[in-house]
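One chain, chain A, links the two complexes that follow: it is found with chain B in the first and with chain C in the second.
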Partner chain A sequence: MNKSPSSFALPASGVLLASLVLPGLAALATFAPLTASAETAPEQTTVSVKYGNYQDSQANWDRVKVNAAQVYVQAPIAGEWSIEASGVSDNVSGATPYAHTQKSGASSGGKTGMSDERHAGDVKITRYLPRAAVSASLAYSTEHDYTSTAVGLDARWSTDDNNRTWTVGYGTSHDTIDNTYSGGSISGKHKNTQEFMGGVTQVLTPTDIAQFNLTRSIGSGYYNDPYKLYENRPDQRNAWIGLVRWNHYVGAFDASIRTSYRHYSDSFGVSSHTAGVEWVQPTGRWTFTPGVRYYSQSAANFYFDPVLNAQGQYDLSGTVQHFITLRGNTSADQRLAAFGALTLSMKASYAFTPSLVADVKYERYRQSAALHLGGAGSPGLDAFNANFMQVGLTYRF
Partner chain B sequence: MNRWRTLRFDFSAMASPCSLQMDGCDESVMRRAAAEAIAEVQRIEHKFSRYRTDSIISRINQSAGREAVAVDEETGDLLNFALQLWTLSDGLFDITSGVLRHAWDFKRAQFPAPDQLQSLLAKVGWQQVTWDGEQVRLAQAGMELDFGGFGKEYATDRAAAVLHQHGLKHALVNLGGDLHALGPRGLPELNGATWNIEISPPRPTADGPAAPLALLPLGRGGLATSGDYERFFMHEGQRYCHVLNPATGWPVSHWQSVSVLAANTSTAGALTTIAMLKGADAPAWLDAQGVRYLAVQHDGQVLHNAASF
Partner chain C sequence: MKKIIFSVLAITTLSWLGGCSNLGQVNAWEKGNLAKPMMTFESDPLDQRFVQHVYSSKENSSGGYGVGGGGCGCN
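After this line comes the complex of A and B, so read on.
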């Protein structure tokens, strides 16, 4: 931790004095002179305050008359800006709200600063212990057709040598679906989900780190997509999700290999596998990162294939006639069909200087029934291809 | 009951991620203080929103060009603050400049039509505001006041004030990157260490989270950052951001970001905004204000003043 001690007593300047007209601020800026013993602070964070005709400030909370000539306020206790430092920070000032601002701008027509968008119920409390942390959260969100309340608890703790970190989590959510407001006919439908998660991250050797997470999700209620035809899904959806990651540094090549595997299986009958591997190879000023990711899922038990005509094209009336003969649960949502997908990626970056890096990333994604693991997937699905290209220039100060 | 503990409360307000962190011994006091501080932030957001038709700001704006509106004491204090900032910044900090946003469409990346900008500029200027300490009147219909320029910073300070009122001495308030530290860490084993604040670089990198631009150990005071990255568009390699000069109606371009450390967050926030508007004159002006700053110039050069005053 960077502790560069400093203590100041500053004469108040114009803008600071101006701020003291604001209710409550004078009490903050000039509360009673601090001494090291009063604050139980070590000498490096001691503040000395020169403090004149200003007795009002502590008692009078709301209104303070400022006498400019005589006011000295304590400066913040702070060390130096440490540029390009690395370390654990408690909080962030600056570009972080950027993503959030962008996000809220996109959904609210460019509002920033003070706005009405309130998530009054969202509060997460984290309690820190010497080698552990425990969080509890409560969230409430509402959209025009959806209201959701969620409660979460999670905890993580590390072994004394910091080589192993355990994580456990529990979450429950209650959703209400009502799309009558937007012209639909669904109202007063509910969905409840509970999730249990356990995981461990283990440093295996100086060159290997592995992670394993297991999640159990238990849900009941209304699972239909209210905007889709042919929807009659079960009112129960339970799932197991397992995730394994392993990163290894290959000293002989000065390279790293990152691998991951995720298995998902639920009571709809959907079961999926995702496997990915990346090789990170620096060579001089270049770093090449080729990668491949494969995904395959089986269809839900109640997914029904569309009826195709002799030319292999979608036959609407045939599909409708087929649908009305079906009993029990049904869905024609393609996300519940059997298919597979393959992503190939290559990233190349070039460091002109240690602080100026250019990179190019290319990804090719293909999704189709034929890529389904162990044979053809659902018929009548259109294959889907996507190319993704990104060029970046990074300058670090 | 007197074991030390750390609590952190994350919440959303003012369209930003927010948090309260505190070290203390009495958990029930800490929780009550946090709940009241969050309620205080929400009260301020609610009261001064220009998106609410029933807010005091909306009432003042709706009466523009017509009658004067009597305001409550807190609103009056904020108007006094705004007046002083306008004076101290030679008119650069102007809470009537919000109407200029109608000319700049950052989503469509469009330049304003010259006549549109001219007609909006005619509605900008605190000199057209009549403020007698009790009633406020905007001279022309179409003029608007907007407290967005210091509302979040003021709420940060007020939240800190609520925690302070509950006797908390070791707390950090963060409303979307505007921070107020009420005192250093309190856990005995941390031995009075400061909070470590990361200053994010104003330009995101292609690879997601960038390395921090700087770390600042903060024990007490307000820290705020203004930048050109919140809303902007690019045209022929030039960035046009949402910080607009009230005299010209055009975006500022000298600084990518300015972080200021001051005794409270309202001061720090006002200073960062004025510094963005002052352009090349900002360092000397900030030095004269007796605050510490860290600024990233348009070319990426990082400037900051020395610790010795």
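After this line comes the complex of A and C, so read on.
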């Protein structure tokens, strides 16, 4: 970690993609009840495959590219059980900034910084009871510098009139970070996270259904990004996450509007707002779903801004000198800065038959300090854009 | 700013709910539209896993949706 920025190899490491993802509870992929009616075992087997592509860039620099192939299977067992399993294999290539939005030496010549593969899978077993269901899940993933194991348990039960469903869940994950394989110096680092979740889904009217979930996440261990400079993050991160979702059926158009709001706050000092709206419009065999998502976060209390010169450009030596004066926890990771982001999306699905449905989705994402809620965010950061595309096929039998 | 946002949301929500005299008292035969696929909260698990994984890789916040796979096993 004592190399100069110009010689620093900056692969888009697995850690970058893995360190912020959800622990155990998330393995329960559809663990929140879909509706407020009592759950019953599925009557059909569902098989889905999906291919996803992601590419982000900032000014004059294509950063990270991801290609991901996914498969999902859900099958009933003996009428009162079901099993769900999914797998993903993805390839990540490119490079990310070594600090703030500064281009690494490894990619400044237009060459990619690295290419890495990740393989992951999870399985969930659900037992259906009268007006209730309980699930257990196990997830595992591995890549060259990061492995993760997670387990989860949850239970859901409905009121007699099926207008309300309560949910409780617990999940835990154990992650190991080791980048010595690729020449790094981080070995045997661990991160453990526990999550507790409670929620309620409520039918409000014949055309409205709402959901509220509250999650408490408690984590400890290694939170640094070993591929960035200036990293000295706290060894603990606890978070509160509140989520409200509200779906409304619009009879005049035989359509629905799906809304969501999430508030996130953690011990790094970051708080964020995430709001989303989708319009779901079936038309014959087609279903079109345009959507918009807005996100805004405050900076972590140990994030430090870059030093800019008189022309407003990044001053590397000044930034280094400023960093040397800092005490305690530090980070120059762009993702811990204050910024906002906007996503526009469009999904189209086509039902060849009631059992065979194809879909394609495109999303355009822009992240910048100027989009920060309530005024400009952190200074000295380049905006970046991303395109993601998904193509999928689902078959039920 | 936070208080303003929460206040606006609360007032909007309460105003909406105020017009519903039978809030939460919906009979089984009135749920036909609620049962349509378009009214589900997570209609496409793989789609949500991919998208949430992207967001959790590019933003500080993650979680709360109950989707995304376990540990690194999301996409």
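One rule holds for everything that comes next: the second predicted complex is superposed on the first by the 208 of 397 C-alpha atoms of A that agree within 3 Å, B and C clash if a C-alpha of one lies under 4 Å from a C-alpha of the other, contacts with A are read in each partner's own complex, and residues count from 1 in each chain.
In this section, a residue touches a chain if its C-beta (ideal position, glycine included) is under 8 Å from a C-beta of that chain, and two chains touch if they have at least 3 such contacts.
All figures in this text were calculated on a predicted structure; none of them were measured in a lab.
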Which of chain B and chain C A:A239 touches, first, second, both or neither: second
First, second, both or neither for A:L393, with chain B first and chain C second: first
Touched partner set for A:T126, first chain B, second chain C, both or neither: first
Touched partner set for A:E195, first chain B, second chain C, both or neither: second
Chain B versus chain C as contact partner of A:D359, first or second or both or neither: both
Partner chain in contact with A:S185 - chain B first, chain C second, else both or neither: neither
Residues of chain A at both interfaces, chain B in one complex, chain C in the other: 14, 16-18, 21-25, 27-29, 31, 86, 88, 90, 118, 120, 122, 137, 359, 361, 390, 392
Residue numbers on chain A that touch chain C, as the complex places them: 14, 16-18, 20-32, 34-37, 48, 50, 52, 54, 56, 66, 68, 70, 72, 86, 88, 90, 118, 120-122, 137-143, 146-152, 161-164, 169, 171, 173-175, 195, 197, 201-209, 211, 213, 215, 217, 239, 241-243, 245, 247, 249, 251, 255-256, 258, 261-262, 264, 266, 268, 270-274, 280, 282, 287, 295, 297, 300, 335-336, 341, 347, 359, 361, 363, 365, 367, 373-374, 386, 388, 390, 392
Complex contact set, residues of chain B against chain A: 5-17, 19, 21, 31, 34, 38, 42, 45-46, 48-52, 73-74, 77-78, 80-81, 84-85, 88, 106-107, 146-149, 151-152, 154, 157-158, 160-161, 164-165, 169, 172, 174, 176-184, 189, 191-207, 210-225, 227, 229-231, 242, 257, 259, 261-264, 266-267, 270-271, 274, 288-292, 294, 296, 300-302, 304, 307, 309
Residue ranges of chain A touching chain B (in the complex, touch as defined): 1-4, 6, 8, 10-19, 21-25, 27-29, 31, 39-42, 44-45, 47, 61-63, 73-98, 100-102, 104-105, 108, 110-120, 122-130, 137, 359, 361, 390, 392-397
Sites on chain C touched by chain A in the complex: 1-2, 5, 9, 17, 20, 22-26, 28, 30-31, 33-36, 38-42, 44-47, 49-75
